[in-house]
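First the structure, which I've put down as C-alpha cells, then a few questions once you've had a look.
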Amino acid sequence: MSAGVELDHVTVRFGDFTAVNSATLDIKGGEFFSFLGPSGCGKTTILRTVSGFLEPSEGKVRIGGQDMAGIGPNKRPTALIFQNLALFPLMTVTENITYGLRVRGVDKAARTKKAEELLELIALPGQGNKQMSELSGGQKQRVAIARALAVQPQVLLLDEPLSALDLKLRQHMRNELRTIQRMVGITFIYITHDQGEALTMSDRIAVMSDGVIQQIADGKTIYDEPATAFVASFVGENNPFAGTVVRADKSFALVETRFGRLHGRNPRGMKEGDKAILFVRPESLRLGAGASDTTLSSTVKSVAFEGNMTHVYLEGAGKKDITVSVGRQSTTSIPERGQMAAISYDAALGLALPEGQLARE
Amino acid sequence: MKSAWVMKGMLGFYILLFFLYLFGPLIVMGITAFNTPSYPQAYPFEAFTLDWFVKLWNDRNMMQGLQNSFIIGLGVVALSVPAGLAASIIMSQIYHRARGLFYLVTISPLLTPGVIIGISTVIFWKDVLGVTEVTKAIFYKGVVLTILGQSSFISAYCLLIFMARLTRFDRAQEEAALDLGASYPQVFWHILLPYMKPAIVSAVVIAFLSSFENYNTTTFAILADKTLVTVLAGQVRQGTTPALSALAVIIIGISLFGAITYEILKRREKKRAEQAQKRALVAERGDGQGDALPAPSSA
Amino acid sequence: MPRSAWLCRKGNWPVSSRFVVLVVPFVIIAIFWLLARREAKLRHDPTHKGYFERNGMTLGILFIVLVALWALFLVVLPYLYMVVESFHPQLPPSKRGGPEDVLTLEQYKSFFVQPVGGGLNVTHIGALVFSILASIAVTALNFAICYPLAYYMAQSSGAQKVRLLMLALIVPYWVNEILRAFALRLLLASRGLINQALMGLGITDAPIDFLGIDVGLYVGLSYAYLLIMIFPLYNAIESLDKNQIEAARDLGAPWWRIHRDVVIPYAKPGIASGCTMVFMLSAGSLAAPQFLGGPRTLWFTSVIYNFFFQNFNWARGSAYAFILLAACIALVMLMLRLFKVSLGETIK
C-alpha cells in the first residue's frame, strides 16, 4: 500500500534561521519523488519533517490525507534510510531487518519468515546470521533498505543513501533502488545533491535552494524548461549571459548582454526593461557564426579533449568561462588558444529567465 | 649515530628505574610474606613459610573487614553505576545554560579531598537520619554512610566513563530505531544500553575497586564499623607484621590474574574483529556483480 | 497544628536552622527551570522534545531520582551543610538548636588565633603551609618522573608495547594505598632493606632515619599518585601529530627545544589536569602522612582527623576542612591562570 504526501505551506525555523520557507507540494502515492539541491538548501529538513523528527513551525504535513501534527516518528507510516544507514552494529543482519517487527510485538517465527523473504528480495539469501562488520558497503545498503521495508511503510524516505559508496557501485545501486521501488510499489522520497541520481531515478523532482522550492517537474522538463535562473544553472551545465530585455513578445525575448543582443525563448513572459539572464547549454552552442542575434564571439582560453566530447572554454563576462561542447561528428575545426572565435546557437535553444541567484560552482 | 645509542641506553635505564620504583617496594614486600622472622624482612631470607597466610586467614577482624568491604563495594556499584549513567544521559539533554554548572557539580567530588567528602557525609546524614529514631537506628551505620560517601565521587568516575563512550554514539541509530516504531524507552533498552555495555562493565570494575581500596573517605564515614582497609590501617599504625605482606601478595596475585585474563580476552576479540573485516573485504570485491537483483517483471 | 509549630515541636530541634541553607540548590534549579521555559516560549525549536516525551515516564523519573540523589544529596547538600556547620559553635548534642547555637566565626578565628592564650596559631597555619608546599613539591617531582615515560609511550613505541606498559602501570595501582605505604615503610625503615644495603656497603655506620626526615612522606606521596600524573600526560601527548616533532627536528631544533616549544605547549591541558589531580590528592591525602610521615611532621588532614576522632570538635574540623578546600582551589585557580589554561580544558 502506498500513500501520498502533502506539504501545505510548511515552514521550518531554527531560531532566526529559516531552513524551509513555505514549501507546498503534493507527492502522489507510488511516486519516486526526489528533492535536489546543494547542501544546506533545506532538503534534509523537509525529509526530517515528513518523518516526524522535526515539527514544522508553520503549515501542515499530511500523509495519506491525514494530518501528522503531534504524531511522533515512531507512529508515522514512513520509514527512513539514513545517510550513514544507521544500521545497528551489535545486531545480526536478521535482527536488524526485523527490529521494526520486534518492537511491534511480532513473534519470533513470523519475524524469521519475514526476514527470509526480505533477504531473498535484496539478493542476500541465507546471510541473516552475519554481523554488520562482515558486510560490504553495497550489502549494508541493501540491509538498510530491507530493514525499512520490513515494517511495510507507505512512504520510504531516503536521505542521500548512496553518498558513501564509490562511483561504480553508486550507479549500480541506482538501478537496484528503482527496481525495488517498482517491485514494492510504495512512495519513495529521495534526497540528493547529485543531479545524475535525481534525473535517472525520479518520476518528479523538486529543485530547492535556500529553503525555497524552485521548481517541481519531471527530469526532462527540469533540464529543458528550467523555471528559474537557479535551476537553469544548477541542473546540468549552462552558460549564463546577464543583461536587460530590449524587446520581448509572448514567446521570444531579445536580451542586451556584454556580447551583444542575444535571442532566446521567453517562457516567463518578461517585458522590455526587465533584468534577465540568457542561458545556452554548452552542447547547444556550436563553433562558427549564425544569425546575428544568436552569435557572439570571444577569446579562446583553453581546449579540453575528453574522448567523446571536446570542450572549448572562451573568455566569459565574469569569472566563469563560456563552455562550448563539440561532439565528434562535428566537422568544424577546433580553434587554437588565444584566437577569437565566433559561436552561435539555435534561437529555440536559448532561454531567457528573470535575473536570480545562480548555483555556486 | 653514537649519540642515538647513548640516548637509547639512557632511555632504557630510565624505564628500568621507573619500573623498579613502581614494583620494587611491592616485590620486597612480597618476599617478606614468605620469610619466617616476625619483623617483615626480605634479607637475609631465613626460611620459607606460609604461616603468615594462615595467620591472615585466622584474623577475625580482617575477615569481618573484608566482608564489609565487599558489601560496601557492591552497594557502591549498585548506586554509582546507575547514577553515573543517568547523569551522562541527563548531561546530554539538560538545558544548555545549566550544563556547565551541572558538570561542575558532578565532577567536583573528584577534586575534593576524600577527607572532606567523608566529613561532610557524616555531618549531613547524621542530622538528616537523626530526624527520627527509626531512621537513625536503621540507617545511621558506618556501612551505609560509607556507601553514600564513596558513591559521591565514584559516581563521578562512572559519569566520565559513560560520557566518553556517549560522545562516540551515533545519534542516527536512536533515530533509526524510533523511525522503525520503537518507543523512547525501547530505544534505551535495545540500542543505547547494549551500546553502553562495555562502558558499564568498566564502570562496575572501576567502581568496585575504587570502593574496595578507598581509605580517606571511608575512615570518616565508617564510624564504628570496619573495612579491610581501615583494619589494615589500624594494624600498620600499631606495628608491622608479615601477615600484611601476605595480604598484599594475595591482592597482587588477584590483580595480576585479572589483568592477564583481560588481556587475553581483548586479544581474542581483536582477532575476531580482524576476521570479520577480512570477510567484509571479500564481500566488497563481489559488490555489484553476480548477486544483482532480478529485473522488474512488469516494466 | 500549624506547620511552624510542628517544626519547633521540641523547642531545640537541632537542625531546623541549619536546613535553611539547603533551600539554595532548589532555588537555583527553579531559576534555571524558569529560564528554560521562557527560552522555549520565545524561540521555537523544531527539534524540541519534552524530557518525559524523550525518556518515557518511568525512565525519566528514574534518571531524575538517581541524579538528584547523587548530585543533591551526596554532593551539594553535604558540602553546604558542612560549611554551615563550620559557622556554628561546638556544642554537646543536648544544646544543639538551643539559644547558644548561633552563627559565629569562632572556628575560623581559631585557625588564626589560638583559642587559649591568644597569639598566632603557628602550629595549624604551619601545617597548612607545609602541606601545600610539600604537595607542590610532590607534584613537580611526579611531573619530572612521569613526563619522559609518557612521552616515550605516546610518541615512540608501538601499540603492542604501549598496551604492555599500560598493564604494567595499572597492576601495582590495584594494590591499595595502605599496603603501598606499608611496602615503602618496609624499605625505608631503620631496619629496612635500604638501610641494610647502605650499612652493608659501609656507606653509613648507623641507619638513616628516612621516615623521621620526611623522605618517606615525599616518596610515599609521589609513589601513590604516579599514575594520576602519567595517564593525563600520555593522553595529551598521544594526540600530538608526530610530524610536528619531525618538522621541528628537521629545522634543527635541539631535543630540549622540541619539548619546550612543541610538545609541552601542546600537552598543556593534560599537564594541567595531571598536576591539578596530583596536587589535590596529595594535599588531601591521609594515608601517606599517617604511615610514612615523621613524628614531628603535622599534615593538615591529620589535624582535621584529630578534631574528629580525638577532640570530637566537628564544627572546628569542618571549618578546617573548608579552609583546606578553599586554599587548594585558590591555588589551583591561580596556577591555571598563571599558565593560561582554562578550567574547562583541565577537567575534561
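Labels for the chains are A, B and C, by order of writing; each one numbers its residues from 1.
Everything that follows uses one rule, which is that a contact is a pair of C-beta atoms (placed from the backbone, for glycine too) under 8 Å apart; a residue touches a chain by one contact, two chains touch by 3 or more.
Since the model is a prediction, treat every value here as computed from it, not as a measurement.
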| item | value |
| --- | --- |
| Chain closest to the assembly centre - both centres taken as Cα means | B |
| Pair joined by the larger number of C-beta contacts - A-C, A-B | A-B |
| Euclidean distance of C-alpha centroids - chain B vs chain C, Å | 18 |
| Interchain centroid distance [CA atoms averaged], chain A/chain C, Å | 58 |
| Chain A and chain B: spacing of chain centres that average the CA atoms, whole Å | 52 |
| Per-residue multi-chain contacts in chain B, two or more chains | 183 |
| Contacts with 2+ other chains: residues of chain A | 53 |
| Chain B-touching residues of chain A, taken from the complex the two chains share | 51-53, 72-75, 78-80, 82-84, 86-88, 90, 99-100, 102-104, 122-124, 130-131, 133-139, 147-148, 151, 168-169, 172-173, 176, 179-180, 182-183 |
| Residues of chain A that touch chain C when the two form their complex | 12-15, 49, 53-57 |
| In the complex, chain B residues that touch chain A | 170, 172-173, 175-183, 186, 190-191, 194-195, 273, 276-277, 279-281, 283-288, 291-296, 298-299 |
| Chain B residues touching chain C - in the complex, by the definition given at the top | 11, 14-15, 18-19, 21-26, 28-29, 32, 39-43, 79-80, 82-83, 86-87, 89-90, 93, 95, 97-98, 101-103, 105-117, 119-121, 123-125, 127-128, 130-131, 148-149, 151-152, 155, 183-185, 188, 209, 212-213, 215-216, 219-220, 229, 232-233, 236-237, 240, 244-245, 247-248, 251-252, 255-256, 258-259, 263 |
| In the complex with chain B, residue positions of chain C that touch it | 14-15, 18, 28, 32-33, 35-36, 39, 51, 53-56, 58-59, 62-64, 66-67, 69-71, 74-79, 81-82, 85, 145, 148-149, 152, 163, 167-172, 174-187, 189, 191, 193, 196, 223, 226, 276-277, 280-281, 283-287, 290-291, 301, 304-305, 308, 314, 317-318, 321-322, 324-325, 328-329, 332, 347 |
